[in-house]
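This report refers to the structure that appears directly beneath it.
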Amino acid sequence: MRTTFRTQAMAITKRDLMRERRSGEVLWVTLPFGAIALLLIPIAIGTDRPTLRAIGIGLFWVIVMLFGVLIAVRQAHTETQAQRDVVALAGIDPAAGYVGRALASFFLLIGFEAVLAVVTVALYDVPLDGWIWMPLVMVLVGAGLSLLGTLAASIVSTGRSASALVPLLVAPLSVPLLIGATQTFEALRLGRSSLTWTLMMTIVVLLLAIAGVLSARTLQESG
Amino acid sequence: MRTTFRTQAMAITKRDLMRERRSGEVLWVTLPFGAIALLLIPIAIGTDRPTLRAIGIGLFWVIVMLFGVLIAVRQAHTETQAQRDVVALAGIDPAAGYVGRALASFFLLIGFEAVLAVVTVALYDVPLDGWIWMPLVMVLVGAGLSLLGTLAASIVSTGRSASALVPLLVAPLSVPLLIGATQTFEALRLGRSSLTWTLMMTIVVLLLAIAGVLSARTLQESG
Amino acid sequence: MVENGTIVSLQDISVRAGATHILRNVILNVQPGEAVGVFGANGAGKTTLLRLLATLLKPASGSGVVLGADLNNDERYEVRHRIGYIGHVPGLYPEMTLDENLSFIATAMGIDGAAVASSLAAVGLAGAADRRAEVCSHGMQRRAEFARILMAQPEFLLLDEPHSALDGSAVDLVDDLVRQTIEAGGAAVLVSHDRSRVDDLATFSVEIAGGTLS
Amino acid sequence: MVENGTIVSLQDISVRAGATHILRNVILNVQPGEAVGVFGANGAGKTTLLRLLATLLKPASGSGVVLGADLNNDERYEVRHRIGYIGHVPGLYPEMTLDENLSFIATAMGIDGAAVASSLAAVGLAGAADRRAEVCSHGMQRRAEFARILMAQPEFLLLDEPHSALDGSAVDLVDDLVRQTIEAGGAAVLVSHDRSRVDDLATFSVEIAGGTLS
Amino acid sequence: MTTLERNPSSVWPWIVMAVAGLVTFVAAMSVSPDAVQGQLSRIMYVHVPSAWLAYLSFGVTMFASAMYLWKRDLAWDRRAHSSAEIGVFFTGLAISLGMIWGKSTWGVWWTWDARLTLTAIMFFVYLGYLALRRTTDDLDARAKRAAVMGVLAVIQVPLVHFSVIWWQTLHQPPSIIKPEGPDMDPSMVVTLLISVLSFTVMYAAMMYKRIDLARIEDAVLIAEQTNTGPAAGEAVVAPDLSGGS
């Protein structure tokens, strides 16, 4: 290797963040849509204050989950075959590419989560117990979703009919993340330990990281 | 005119539906995501049966609204400058293009709504009173969202940083649709007339159709 | 086929991208029966000129008339179907077959459906009509663009490096197309880096440098 | 720069797309210092051959070695950085400037950042380094691709219609690049429809027809 | 483009604004404070006319946008732009004052309420309108896109106004905002009318100033765009074939 794995992954991350900064796709489309979703839900389901308080945090995680995956999958559509060829022939390790892309999505997702969290607190008046755990859970969810979405995106970009697999991949894997995130706070509310849940999320994240790195080469081949 | 407005619009509709059938974007990505969203919500907010029954239909409309707009806006990303040039130089009336694209989105949305409605009934055990109004409301919402999304997409495609506009344009116009849809059933439940709401939705749909047709030429120019 | 009259008349036209000029004070007249060669370095503004003539770009200043339509107002929409433009990048829908791509245009332009097969055959793609555009080679896609032009029979051709990507047997297509169009009283503007090839075809040539024609 | 040994050795290689063959029983050997011209009709499989040699496609059957790496297994990932490929379509990121595009590749390949500016200057794009790729003309984008190759200094060049889209002053770039590479002990494969231009450069030429080389 | 001979530095609009503000203040202070809400009820005489001005401004923006689309005269675009900017200012004022009022009457700065939410959306929609105008320097393209949005966005206005009615059908606990009943004190009605009227006059004066400014901004843009720097193509030169590599 002429460069390190780390340099290559960082180059990819930087590229993705730069492209996002120029196109503003996440900042200007996905993020406002997520915020609007939080705004529209009370209008649609009737605005009973206690109910909203109760479901606010759950809705927050659902929105994060849905739009988070969309953010991470978006890459599949923004890269052309010619661009992929250039990256491949620059000798970039597919695994470094996977890590780099996931990292860029991770940063975007953390930003997304942070903004939506503020919106949720403002609109739903959710109880703030256990907020100290929030950063950890947000990081775990962000990492899980970005790894998951990046994996899904590389499947999509290998060939067209494969995209049917994406929901099948995303649905079962995002459920443990979602359960982990909501149950952490549920456990805290009930005064129980939330360690099991955080542990489960960590395992999912690690699993996704390993799966992504190991399958990177296989998935890189153009179909 | 060498061809009629209708022929041109139908050609565009047929093209869009054919492209969707081949790429399966809506069928395999957006639709499953919408269904997953409905699945995740009870997991996230805790599965209290009466609450779910009460909010089910509202959530259905929110999901339809969010993903519906994404379906309709998707066009902005799937057409290249070269393709737009070819369409323009075929002498296709921009207004016919608008109507044709909106019509294609409308068909996709109706399918999307139908599938999600079934999922909602299955998962949330929602009360089915007034279901006879459902087709009408679904058609109105489908029409409104497709017109709205198509309009937003054509504004976006005229300039790059304009994508900031999509949510801002979509939000105010989708709110009356959302309120109309939910209030129609609320009114029925309370035994009141839902005519005002249907009327309001019809007005919004007409407004969007007129606005889209009238602004089609103006928006066609490349920025 | 063409009413008698000037096909292009540009007066002092400028085209801008943001604050910088791409074209400045361009003057150009093209009469029926003429084929114009346009030369110039990479980035000089040749494609910009073609897109301007195709009514796809509006001038920043100056006045221009193409096929009788003023470039500065909505008249230009009425003449678009009489213009045939081939750019650098093929404008096919990748998921649709070549046949479907052309049929779409035929329906939209009110052209008889039989013309699709005959024009694909004319460019040697009859056997690939049912192939999706995305699996067609670059040259095949370019040929399909020529098939579209043959089908629509425009009076005014705007061809951006028309000979590139075409194999030896297909390059003559371009020359034939141009000759037939100008003989029928139409006109053509050809952008190319290959002077010798275009000089044979062109009635006169212009060169773009520093944003202006000469 | 190159270890002594064959650069390409394809034995009975076939490439398939679904059920149809694109290439069949291809045999090709390229030694250091050789430049190969590849000709053939549109859709014959020239681009497919180049992508196969670039390790971007896997053969359906047969065995092949490029720069010492077997095309059928993971060795091919190790030689990719030594291959320079320019395809039909530029692989730049449209939102990024030319400078940013090249800097990204430089970082990923471990090339000194100063090489970015000097190779952009070498292709005449120093003045446009800060322009986003999407606002660069087609020829400028192609030039930027050549700048990438100049920067990476690959041993094995794969050029798909390299002369197209380049203006008169820039076409010599191609010839210079190919000569320098083969003089340094590398090799090149050039796809073109312009026989006269490639014949000057090529050590030998092959023709693709019916999916096979001859 | 209209080139009305107006003096952009005229001071009378400032005087009109000051007088209108003074009238509102005097009117608001002269009425006796509300029995329940005390001195803070005086906020109403600014809160309500601000909301009214927001409606008026966005209505004018819609009208001027439609006129632009019809006439293609940039003067209408400048009117639409100016009015939207003033409208955003007064929407912000109505929200801020409402929040202060709400803190004292409801005990919270913000609550889940249709009118509050929709007013906030309206605020952002028109901020978006202003942001859209920054996406291009091409005066005509900018005017066209803005005009389309300027027309469509106005739907937000009746939405905000009627939201109170919708709210009640959403069976809300009565703790949430309720417009006061029909039994308002006549002196309050008169004072409210006076403040609405003087705010409207203030709006006219502000429009006058803002349109003058918009004309200057457009002129600056046009001047910038008629520069005679090198053409875009001159950045590309012949390759340096002798050069290393």
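The chains carry the letters A, B, C, D and E, assigned in the order they are written, with residues numbered from 1 in each.
Here is the rule we use: contacts are C-beta pairs under 8 Å (C-beta built on N, C-alpha and C of every residue); 3 or more make two chains touch, one makes a residue touch a chain.
All values reported here derive from a predicted model rather than from experimental measurement.
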Based on which chains touch which, give the shortest step count from subunit B to subunit D. 2
Neighbouring chains common to subunit A and subunit C, by label: B, D, E
Among the chains, which is located farthest from subunit E on the basis of C-alpha centroids? D
Is the number of contacting C-beta pairs greater for A-D or for D-E? A-D
Chain centre separation (subunit A, subunit E; CA means) in Å: 37
Rounded Å distance between subunit B and subunit E, as computed from the means of their C-alpha atoms: 29
By residue number and range, which residues of subunit B touch two or more other chains? 23, 160-161, 164, 168, 171, 175, 179, 186, 221
Listing for subunit D: what residues touch at least two other chains? 89, 124, 128, 137, 140, 143, 169-170
Return the residues of subunit E touching two or more other chains; collapse runs of consecutive numbers into ranges. 121, 138, 170, 234-236, 238
Pairs of chains in contact (touch as defined earlier), listed by label: A-B, A-D, A-E, B-C, B-E, C-D, C-E, D-E
For the complex, give me every residue of subunit E touching subunit C. 137-138, 140, 224-225, 227, 229-236, 238
Show which residues of subunit A lie in contact with subunit E when the two form their complex. 39, 42-43, 46-49, 52, 122-125
In their shared complex, subunit C is touched by residues of subunit D numbered 17, 40-44, 46-47, 88-89, 124, 128, 135-140, 142-143, 161, 164-171, 193, 195
In their complex, what parts of subunit E are in touch with subunit A? 110, 112-114, 117, 121, 170-173
Which part of subunit C faces subunit E closely enough to touch in the complex? 16-24, 40-45, 58, 60, 208-212
